[in-house]
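Okay, so chain A shows up in both of these, paired with chain B first and chain C after.
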Partner chain A sequence: MAEPLVIDVKGMHYSPLNKMIREAVASGVKEIVLNNVLGQRFIGNGVRGDAKITINGVPGGDLGMFMSGPECEVFGNAEHAPGNTMDRGSLIIHGSAGDAVAHSMRGGKVFVEGNIGYRGGIHMKEYEGKRPILAIGGTSHAFLGEYMAGGIILVLGIGHEPAVEDRGIGSGIHGGEIVIRGDVDDKLLGVGAKKVEFTDDDLVRLSPLIEEFCGRFDIDPTPFLDTNYSRIIPASARPFAGKYTWE
Partner chain B sequence: MSLGSVPLKYKISIDRDQCMKCMRCVDNCSYGVYRIEDDKILIDSRKCTACHRCISMCPRDAINLKERPVDYRSHPLWTVEAREDVINQARTGKIILAGMGNSVDYPIIFDRLLLDACQVTNPSIDPLREPMELRTYIGKKPSKLEFTKNNGDIDLKTKLSPNLKLDTPIMIGHMSYGAISLPAQLSIAKAVAKTGTFMGTGEGGMHEAIYPYQDHSIVQIASGRFGVDIDYLERGAAIEIKVGQGAKPGIGGHLPGEKVCADVSCTRMIPLGSDAISPAPHHDIYSIEDLAQLVRSLKEATNWEKPVFVKIAAVHNVAAIAAGIAKSSADAVVIDGFKGGTGAAPKVFRDNVGIPIEAAIAAVDQKLNDQGIRNEVSIIASGGIRNSGDLAKSIALGADAIYIGTAALIALGCRVCGNCYRGLCPWGIATQRPELVSRIDSDVGAENVANLIHGWTLELSELMGAAGLNSIESLRGNRERLRGYMLDQGLLDVLQIESMGA
Partner chain C sequence: MCGIIGVIDRTMARMDGSSIKEALSLMDERGSGEGAGYVAYGIYPDYADCYAIHVFFDNLLEPKTRVDEILKQWGKIIHQEEIPTYEQPGLKKEHISWRYFFKPFADQKVGTTNPDDDNVKQLVMDINGNVEGALVFSSGINLGVFKASGWPEDVANFFRIEDYKGYIWLAHNRYPTNTAGWWGGAHPFNLLDWSVVHNGEITSYGTNRRYVEGHGYQCTMLTDTEVVAYLFDLLGRRHGMPPEMVVEALAPPFWDVIDQMPEKEEEFMRTMRLTYGSALMNGPFAIVVATKDGIVGFTDRIKLRPLIVGENGPRLYISSEEAAIRTMDPDVESIYMPRAGEPVIGRVIE
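What follows is the complex of A and B.
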């Protein structure tokens, strides 16, 4: 196994840093370790391939935007919109993240150990084999899964009872599903979202995801494999149908 | 109580002496106006949209169309349209959807602007005899150039930003595959490749048929992020962030599920038949700082090799917004005026929200000049530009280049019937039905669109020559060469032009 490329990014601007990452991945480097990361934006932006990027510190906004393949593991919190319009690959965040996590994500996985801000998973979408996953260990602020058009959002709500307390869940959702541990108060659902029964089949289907998530963060999965969840799906695939009349 | 029916919008009649019953009208009308019964062509005028497909295909000029064959009691306030809209909404309780651009009879500022020509004191130039420089570069220009001397050689030290090189300042604006058909988009792509200019892909990804022309395309990223991945971004010669559209400022877009066929679904990367919803804002842009972040993110993803445009609707504060965009690392600001076209927009937005492009160009150009940042961004103007006169006036008001949309569609057959949102376009433009789409041959379409661009380019050269200008830079922002025709002082001040005679 080749030695990882280790970069001390203290005081470095994001542009030369990203250039180094892109060139390294293009030249076949499989593992990159970034130390002393502090607010550098766009890490992994548009990078293709199967490299693993370890980020020690707090990356700036748009971590992994347009990324197609690599895994970024963050030992710290993440800023605004990690996983924005991400295509493939994964972000594993050992901390919390800001607003618009996984915005318009179309494939891959974003795992956040802690909490996320507002508009998490907004407008995530799926197509054929591509089904994006956003999984959250803690809780989420308002408008989780707004305009969601596909994929899965899972909220375990560890240390939070109830798991989610903020409103507007799934406003305008027209595809995909939002799964939240425990019961979700009806008044928290956004326009166009509806709550359906979480079945045993759903649990079987989601168990590998729950186990994978817990595995990445050294959490015992047992309590999450034997509990109830709320499943929130679109009330209609055409939320805006019936709103218009022709001239 | 029933409201009954409203009078016919259009009345179709056939001159039976002329008609030879070739049935072309029956075959061509996708709205079902014509049918055959007992060897006779029967007409259902209520279905007519005035698209003129039948009229243009009739070999005997036997079809006649009359608009509003039934009179209402005339009233200056309660126009026919006002009355019929009330009836429509009394029936449905819904938002009225309309196609094409603003249809309110607002004064057209372009028609109140006059261009200049030389007489006696400085000679006009004959473009036949002298070269006219129309080449236009879209993108950031350096505020100064630095050189290094190297053994007698001089090297440019300043790092230049990427620019698009246009042979003519006419580009074709963003009309997505989905909103328009593939042969329509392909016609446009071939036309811009032929004429040395660029087209917008619209929000909807890029169909692989367009790949051969990708070096002439500007890929769009809008709030729905449909069809956007790193391959798409790398394909475009430039990238455009769509924030707003002149026909419907402040709201998003909905491509109805009916228009999401297999090919559109694949290009947009969404399931077949699902609604494609573009939210009103980009939900990762809630401030001018966020916009700068998206601009830079796109540049990072594409190695700072591509210009990034930001398109906004012309709204009241357009100048201040454009100045913010100019400071965001963007390379061009696209301003779309309130007369811009659209496949579908709520009528109340189309007809009431935003400002005309003429005032917006002048206000933005002036603001950027005042702040000393005009070189940071190019200005691309769009929204209701109908001919080379409008083009020349746009440039004289301060635009670097223009986008045309409706004009290019008219070159493909569109007669501005405004029923684009129904997906039945008999010209094969705003539809995805295979039997209608096949009516456009993209080679013929490309020829027509290229002819239009060529014709306007020739006329622009002539107008410039007449004004004694031999380069587009000398026309740009040259408001001295414009005069207002019966415009009020307030507007003259905004446009920074004098009245005629002054």
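What follows is the complex of A and C.
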């Protein structure tokens, strides 16, 4: 196997860095390691291919925006909107992330080991075979899955009881599903969201995801493979049909 | 957008401005090069009992003569000089930055418990409202604002902020959206001991402005953040409220949250919302306010702007981005995101 491309990005601006990444992936480099990352925005922005990018440090906002294919594994926290409008590939974050994680995401996976800020999964969407996944090991702040139109959000709430205690879950949701470990207080549900039972069929469907997430972070999946979850979905097929237009 | 960062050393150990310059410059993309600024507390130990009055003059003739007259009428100028500046290729010098070290006459004001502060507040309002070509942008004791239209690093180098040492620093990189960028519209905004940096917009500006103007303040900086400095002066200094309570008045809990509070707390919050309804700030914001005693950071109740906190021993950092905090302090021990609307407070330990 070829040697990975290792770049010390200390003090480097994101423009030349992202140019280097894009050129490397286009020329067939399969593995890139970025050391001393601190605040560089838009890493992996719009990159197509199947490269693996290891990020040591704290990358700046909009990590993996419009990315289609690569995997970025971050050893550190991420700032706002990692996975913004991401199309394919994955972000594996060994830390916490800021607000608007997986903003408008349309495909691929975002795994966050720790916590996420406000508006995680805002406006996630899905289309035919494309179904984005946002999975969180810790907890989430308010407005999780705001205006969500598709995809899956999973919150395991490790170290948090209850898993989520911020308001506005699924506020304005009209597609997709939010699955949260344990019970969710009804008063935390946003407008247009409803809580339904998490069934055995749901567990069968989501077990591969739970196992994959735990596998990435060396967590024993066994305690999470039961039906002790709440499932939050749109209250109806078109919950806001009468809000902006007349039938 | 806009980028903010603030730091306090709670033991009052002083830091020079070089690291906050690096941190703010890391967030260049949060601004547009039309405004950046810094404020530091504890920078004038040689004049530690004087009000440091920083003024932008259009020229040193009529406007300065008028300001000299007003100051001499209300107190004594202990020392005055041009603030040293160093030409930067990317920064156009629009004003002459001047500073006075000033002691107000104590016997000129009645009907107040702190005549010196009220004296200086009044002359700041008088100069900014009535003297064309002069703008007081900093008026506290042993502190100073340094700001201009430009990128963070250019503004820092223009004033050479690494030459100043303070135990509190706030810095701001502006992306003006609703009003034009100009030197007076750059942050921090300051009045007396209060300095404010702000990311976002105050959509309730009209209501808030009418409210403070009814209490003798005049808004002259052509942008919304100014009103936050006056709200803090009115509630924090003149009404004597602690910072937690000022934040509760400006960004109060939702009514449905108040409904669920224990009876006494609920009654208090209802009274607070009714009394200070006109001080309530609407819109997206993340704000850090400083006084000589500490800093407080808070966001709007639904968190429409970012705010992250870092701690390392006596130092508390509040910023728009984690990477900015790590730039200032690579050894920062803990990083966390405060809840929307909840104040994060760092107080000086005497």
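Methods note: the second predicted complex is superposed on the first by the 242 of 247 C-alpha atoms of A that agree within 3 Å, B and C clash if a C-alpha of one lies under 4 Å from a C-alpha of the other, contacts with A are read in each partner's own complex, and residues count from 1 in each chain.
Following the convention adopted for this analysis, contacts are C-beta pairs under 8 Å (C-beta built on N, C-alpha and C of every residue); 3 or more make two chains touch, one makes a residue touch a chain.
Note that this is a predicted model, so its numbers are computed, not measured.
J.: So, does A:Asn84 touch the first partner chain B, the second partner chain C, both, or neither?
T.: first
J.: Quick one: is A:Gly98 in contact with chain B, with chain C, with both, or with neither? Answer first, second, both or neither.
T.: Second partner only, chain C.
J.: Considering only the touch criterion stated at the top, classify A:Gly61 as touching first (chain B), second (chain C), both, or neither.
T.: both
J.: Which partner, chain B or chain C, is in contact with more residues of chain A?
T.: Of chain B and chain C, the partner in contact with more residues of chain A is B.
J.: Quick one: classify A:Ala142 as touching chain B (first), chain C (second), both or neither.
T.: second
J.: First (chain B), second (chain C), both or neither: which does A:Ser15 touch?
T.: The answer is first: A:Ser15 touches chain B but not chain C.
J.: Touch check for A:Ile158: first (chain B), second (chain C), both, or neither?
T.: So A:Ile158 meets neither chain B nor chain C here.
J.: Scan A:Leu38 for contacts with chain B and chain C and give back first, second, both or neither.
T.: second
J.: If you lay the two complexes on top of each other, which residues of chain A touch chain B in one and chain C in the other?
T.: 41, 61, 80, 119
J.: Please name which positions on chain C make contact with chain A in the complex.
T.: That would be residues 26-27, 29, 302-303, 306, 308, 321-324, 326-327, 335, 337, 339-340 of chain C.
J.: Show which residues of chain A lie in contact with chain B when the two form their complex.
T.: It comes out as residues 14-15, 18-19, 22, 41-42, 45-46, 48, 61-62, 65-68, 80-81, 84-85, 87, 100, 103-104, 106, 119, 122-123, 125-127, 130, 146-147, 149-150, 172, 174-175, 237-247.
J.: Which residues of chain A touch chain C in their complex?
T.: Within the complex, chain A touches chain C at residues 38-39, 41, 58, 60-61, 77, 79-80, 96, 98-99, 115, 117-119, 141-143, 166, 168.
J.: For chain B, which residues are in contact with chain A within the complex?
T.: 88-89, 91-92, 94-99, 223-225, 228-230, 233, 254, 256-257, 265, 269-271, 274-275, 277, 279, 283-284, 290, 293-294, 296-297, 300-304, 346-347, 418, 421-422
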